[in-house]
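Order of writing sets the chain letters: A, B and C. Residues in each chain are counted from 1.
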């Protein structure tokens, strides 16, 4: 599948995230306990940990889908200097691939992408949608209902949807799940392109996949707390190697 | 602790004395005789109910504005107290009405509004029971509570307008006019006593809810402390 | 992006989704008709009785059918967590809520457009002369129904037993609306039909109060 490179967004500044003693509770279940983490603008962070460690919750908080029960989350522009201008700005520049597909099953692939392109206020929508479908290999199924798609196809469309508005902060929650060989290759190429463009990426996974090689930093969560962190300037490979040894 | 025991004893004494006063001290009513004595508890329970439900409204707004769980605790305490008072009122009314006016019930504005009110606040409690996540429970029930409270005047007005068009036998409730002085004094005593009971029950329920929250906080503190040492040891930075 | 623009986009989506299958719409229309027909078996009304009780029957069937139709409004968004996708987009929560309110208003109006003539035919009630005023009353009543119903759909979508919970929460709240709508409709079916201002004012008041409350509380409603 061809990777149609998005027009370089290097001109639009990326931003980082600062988690400050973030705690998130659901009733008596504590998903995150006192997480303090500074993710710099342009960093590619692999978020690791077993199921239930809190990765999804952390990503949801970064996506502004949930707020911390305690503690603060800030978006830091540039190299950690000052806050991002506003929540609305941050939303326009954030893309997320979640646990669910975030797609309407009863709309076609093209209709789904068009809807979100409209909501994000993009221009040249029909061209963008066509290019996006082409690049994720669903060009021939543009007019088919998502309901008829296989798991792998839905995941590809979900990723395409998240990339449509050319985000500067890209959050992925187990993106490799359900992808076939081709899909994985496409994902890897897409992430590589994003990394080169200076996009901040936070990707969670609990199993080994090739995209992890792109990560410049590895953070391991356990029981809602940071267990290991290879740090902003550090080397993630020992942490990643340990993961491979475990699984 | 001492305050709680003292206030419970005082209120218990009040209600006891109020009951005695209603049964023996208050003079016999001309037309209705003994049955009229229900009035001494019927009217105060309405007053107590409106107070409790106003508390619920304030608590709902306060919770949405501040997100402090104590307001949610106050809301549920007020709603439960209010529903109990409303049930007492709705139960004593027909007991009084039947022997005196020959009918158990009529759909006049006041009674209909009260019945709807009773349904609304039971629904409030039911809604809370069907929501699991405490944060959602507090937020969504607060929103419903605000809607319910805003609805009450509309229900009353619509029923009043409706009943002026379709008159029905009106039960003369709330005989505040032209009461014999002794009756007034007994009534006042009963109002104070019933309000006292309602407030004591409300505060106890409030405390219970707050204690539950505190217990959860402590449990989580302990859990975090138990987990922390391991994470500190395991934490590496390359 | 302005709230109005975002709401328009989402309204188009809601309409497209429903008109593709038309399942909900047809089921609601049939259910309302069933109630209307059952009435004739339960009460076997004369012509005069039909005109007297007709408005009540009509509005009861709209309320019941409506409270079933309003359930999927927010429940549908839970299938693939699409509500999260909407919340992440740079649009206001009120855009999401108002789009659904508008969509439900349109659907409910379509149900009424079918039911009212059917009712007129089945019970020999002439509606031609008062069509315009009747539409006003229907519109005001439907606004109240769909505004509160959509809010409660959002509330009950998080709870267990939501199919039963929604009517339970909604119907008591709607009593002023029911009284106002029935009385206003009844005044139009008299020998000398006239639009009763009092009831129209009550309906309008109800709509304004709850639309304002929905707007003010919208953020808390749509959050996680």
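Quick note on the criterion: a contact is a pair of C-beta atoms (placed from the backbone, for glycine too) under 8 Å apart; a residue touches a chain by one contact, two chains touch by 3 or more.
Please read all numbers here as calculations on a predicted model, not as lab measurements.
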Next on the checklist: Between B-C and A-C, which chain pair shares more contacting C-beta pairs?
Outcome noted: B-C
Item to check | Chain separated most widely from chain B, comparing mean CA positions | outcome: A
Item to check | Closest chain to the centre of mass proxy, which here is the mean CA position | outcome: C
Checklist entry - Which whole number of Å gives the spacing of the CA centres of chain A and chain B? => result 49
Checklist outcome for this item: When centres are defined as mean Cα positions, the distance from chain B to chain C in whole Å is 32
Checklist outcome for this item: Between the Cα centroids of chain A and chain C the separation in whole angstrom comes to 40
Item to check | Sequence positions of chain A contacting 2 or more other chains | outcome: none
Checklist entry - Among the residues of chain C, which ones contact at least 2 other chains? => result 223
Checklist entry - Where in chain B do residues touch two or more other chains at once? => result 132-133
Checklist outcome for this item: Listed in rising order, the residues of chain A that touch chain B in the complex are 25-28, 30, 33-34, 222-223, 225-231, 234-236, 238-239
Item to check | Contacting residues of chain B [partner chain C, same complex] | outcome: 64, 112, 116, 119-120, 123, 126-127, 130-133, 136, 139-140, 142-144, 146-148, 150-151, 154-155, 157-159, 161-162, 165
Checklist outcome for this item: Contacts from chain A onto chain C in the complex sit at residues 60, 63-67, 88, 91-92, 94, 96, 98-107, 111, 115-116, 118-121, 161
Checklist entry - How about chain C: which of its residues touch chain B in the complex? => result 148, 151-152, 155-156, 158-161, 165, 168-169, 172-173, 175-176, 179-180, 183, 198-199, 202, 205-206, 209-210, 213, 217, 220-221, 223
Next on the checklist: Which residues of chain C touch chain A once you look at their complex with the stated criterion?
Outcome noted: 1, 6, 9-10, 13, 16-17, 20-21, 79-82, 84-91, 223-224
